[in-house]
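Same chain, two partners: subunit A is paired with subunit B first, then with subunit C.
Let's turn to the complex of A and B:
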């Protein structure tokens, strides 16, 4: 509960910061629109038969590109002000930091999908099934973005604390997130084809998301601060000394 | 003994490799359905197994490196990744040649092909991060290697999990005795070669680390 409470507090702080200038949301939203326009200009004349397999690819390629932008910007803010180090030094569970950052990125991606999915539905006849099954479409997008963000947050945070180059995030993230994106692609095809096994596909995606979240949460603290110093803030000797009486 | 073990492995591998190539091309009968193209199996499968083994070694060593901050574990992980990259490249080159001859197309988007290619990409990303990343990126690279190792059981069971044209995991056990007798010498020869190179590269990386540390100590003393 303590972790959840801290994660909610951190997420509120992130959202407050975002609501001041809408930097993350505007840049990610604008990039989504640009990609959508580029796809429309390139593939508008596709017949229905061909647009059906193209729509899932456009959806998940856009999420992959916008996701990297979101993750990079989310941690660039911390890097510019060197606030991630301050956050790591604060008496906050590291898991709460991971959860808050992942939730923020997931929220931004989901808001971008509010533009992307209706856009694909309006622009391409192959995307008609999105409107017919809104609940399953929302669940599919949530699970796909969730898996992507689970891995992405870990590596974006690692690069932000290590002073790494942002270009490295592209190198790391795409090979690692390809399985979840491929799964999402196959599930989107199943949704557009009105496949009867769609709940099974969604269940497999949820299981993959759980594995990725668990692995990333397990590694987050060690990747960010290293094994030798990776212990809970409340166990730090400095904290224990505070309660001791000073030596005469 | 530990120092000469890689050299001994290489020495043992040389005649075995020659014997294995001799058996593959001159002693083993041509497979009825796939024809001469099947001979690539004797190189493709051992390289696939060795690639997965190296990915697992890399992941485990990376875990130890993260947990204990061990430089030796870091060297082991890097050496395993380099050999995993080479053996993985071998698998990805020989697979499409075999596929082209038997399926009529080099790439079918089959689950095992895709997962193997993804593992190779993760290994490549790991090497890029270790070589070009900032000093602190070792921890990040270690996490990447762990994710790569998680991919290995997915590759192994891909042929069971998804509908695929790729031969199943039991294909080696079902080989006729004359092919069985050709497969094992080749596998042992390639495994000895890989393990020898792995040992040599690990020792080289550990020595390079020690040399760096000695230079730093010398600089501090001056």
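Let's turn to the complex of A and C:
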């Protein structure tokens, strides 16, 4: 319960800051619109049979790009004032920090999807199934974004505290999120094809999300603070050269 | 230098915090070398050293922000291989930067951290009380933090730390950006915290202020604690040693060599 209470407090603080400058929402929303416009200009003339396989790619490419932008900006706020270290030194459960950041990024991505999914439906005939199955579409987007955010929050936090460059996030994140993006692509294709086993696809995505969230939650403290426990010097041969300077 | 040598009085109870043989390296760079340090309750220990001597790394290890590569860390009488939330509830760390959310006001920053403590069932003292003691007018609390001066932000960060009545107070250059009046007020607040029984470790380049309030001063040189001076006794020797370190420091723009006793 303490974790949940602290996560809610942190998320409320994040939202309060976001509602003052709309920094995340504006950058992510504008980028979504730009990508939609580019996709439309490039693929609007495709016949239906060709646009059908392109729609899942457009959906998840946009989410991948907007997601990394959101994760970067979400932790830049912490990086600029070094506030993440203040939270880490406070009696705040690390899991609460993770949950709050992940929830914020998921919320931003879902709001972008409120533009993206109807946009794809309106612009491409292949996206008509989104409107026909709104419940499954919402669940698909939620599960896909959830898995992406589960992994992304972990590494974005690690880079924010470790002084890593934001460009590293792009390099690290895309290979690691490939499984969830591939699953999401396959499930989106199943949805657009009205595949009878769509619930099975969604169930597998939900299971993958659970695994990713559990792994990320387990690793979050290690990524932020460092692995393992302190070892005695005698246990660490490599520390023998750390000579103690005698007191004068 | 042994841990016992850094303890002012062998009859003191178990220290609030202790490091034994702590070493830390980043890549090939050795930052701390077998550091032994004890912080008894009700004492103020000053940590001095040139830029890059390893002071901030030492603070980070004590605050649980960094796992030492080697050595033992004890907090509140128990081994602390990891500094969990229960231990963090009993300590407070003020870093060199205020570490406050610029998008929130000072009051919202303080309220957030107070609420986070309350979510653990912990109490906090009213922030106003601490802020007044630190000389921050309450009228500015609702202004966005971005409009505050560095000194005002520093006071807010100190108030956040002090609100939880910590047993261990870690202050990395707390006098930075404070005016003369602010320094005096902070010194008084720290003396009151010491009287309450808190163990305080603070670093500063303000040598005279350190010597005025500290019970003990230790000197960190290239990652090793090489000198210690108690409030009485070998202060003159310590001043001479510290002056030599200051003068040899490669890039310490702040402090001239302190006056020799």
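In the analysis below, the second predicted complex is superposed on the first by the 226 of 248 C-alpha atoms of A that agree within 3 Å, B and C clash if a C-alpha of one lies under 4 Å from a C-alpha of the other, contacts with A are read in each partner's own complex, and residues count from 1 in each chain.
Keep this in mind: a contact is a pair of C-beta atoms (placed from the backbone, for glycine too) under 8 Å apart; a residue touches a chain by one contact, two chains touch by 3 or more.
Keep in mind it's a predicted model, so treat the numbers as computed, not measured.
Enquirer: Tell me the contact category for A:83 with respect to subunit B and subunit C: first, second, both or neither.
Expert: After superposition on chain A, A:83 lies in contact with subunit C alone.
Enquirer: In the overlaid three-chain picture, which partner chain does A:215 touch, first (subunit B) or second (subunit C), both, or neither?
Expert: So A:215 only meets subunit B here.
Enquirer: For A:9 in the superposed arrangement: first (subunit B), second (subunit C), both or neither?
Expert: So A:9 only meets subunit C here.
Enquirer: By the touch definition at the top of the document, which applies to A:188: first (subunit B), second (subunit C), both, or neither?
Expert: In the superposed model, A:188 contacts neither subunit B nor subunit C.
Enquirer: Using the superposition on chain A described above, determine whether A:172 touches subunit B (first), subunit C (second), both, or neither.
Expert: A:172: touches subunit B, not subunit C.
Enquirer: Please work out whether A:136 is in contact with subunit B alone, subunit C alone, both, or neither, and reply first, second, both or neither.
Expert: Touch partners of A:136: none, neither subunit B nor subunit C.
Enquirer: After superposing on the shared chain, does subunit C or subunit B touch more subunit A residues?
Expert: Counted on subunit A, the partner with more touching residues turns out to be C.
Enquirer: Could you tell me if A:223 is touching subunit B, subunit C, both of them or neither one (first, second, both, neither)?
Expert: first
Enquirer: Based on the superposed arrangement, let me know which partner A:62 touches: subunit B (first), subunit C (second), both, or neither?
Expert: Once the two structures are laid over each other on A, A:62 reaches no partner at all.
Enquirer: With the two complexes superposed on chain A, say which partner A:158 touches: subunit B (first), subunit C (second), both, or neither.
Expert: It touches subunit B, and subunit C stays clear.
Enquirer: Common interface residues of subunit A with subunit B and subunit C?
Expert: Touching subunit B in the first complex and subunit C in the second, residues 226-228 of subunit A appear in both lists.
Enquirer: Please output the residues of subunit A touching subunit B within their complex, sorted ascending.
Expert: These residues of subunit A touch subunit B: 151, 154-155, 158-159, 161-165, 168, 171-172, 174-176, 178-179, 182, 211, 215, 219, 222-224, 226-228.
Enquirer: Within their complex, state which residues of subunit C touch subunit A.
Expert: Against subunit A, subunit C makes touches at 1-2, 5, 21-23, 25, 30, 33-34, 63-73, 81-82, 85-86, 88-89, 91-93, 95, 97-104, 108, 112-113, 115-117, 119-122, 160, 221, 224, 226-228, 241.
Enquirer: Write out the stretch or stretches of subunit A touching subunit C in their complex.
Expert: Touching subunit C from subunit A are residues 2, 5-6, 9-10, 13, 16-17, 20-21, 77, 80-83, 85-86, 88-93, 225-233, 235-236, 239, 242-248.
Enquirer: Enumerate the contact residues on subunit B facing subunit A in the complex.
Expert: Its residues touching subunit A are 66-69, 114-115, 118, 121-122, 124-125, 128-129, 132-137, 139-140, 142-144, 146-147, 150-151, 154.
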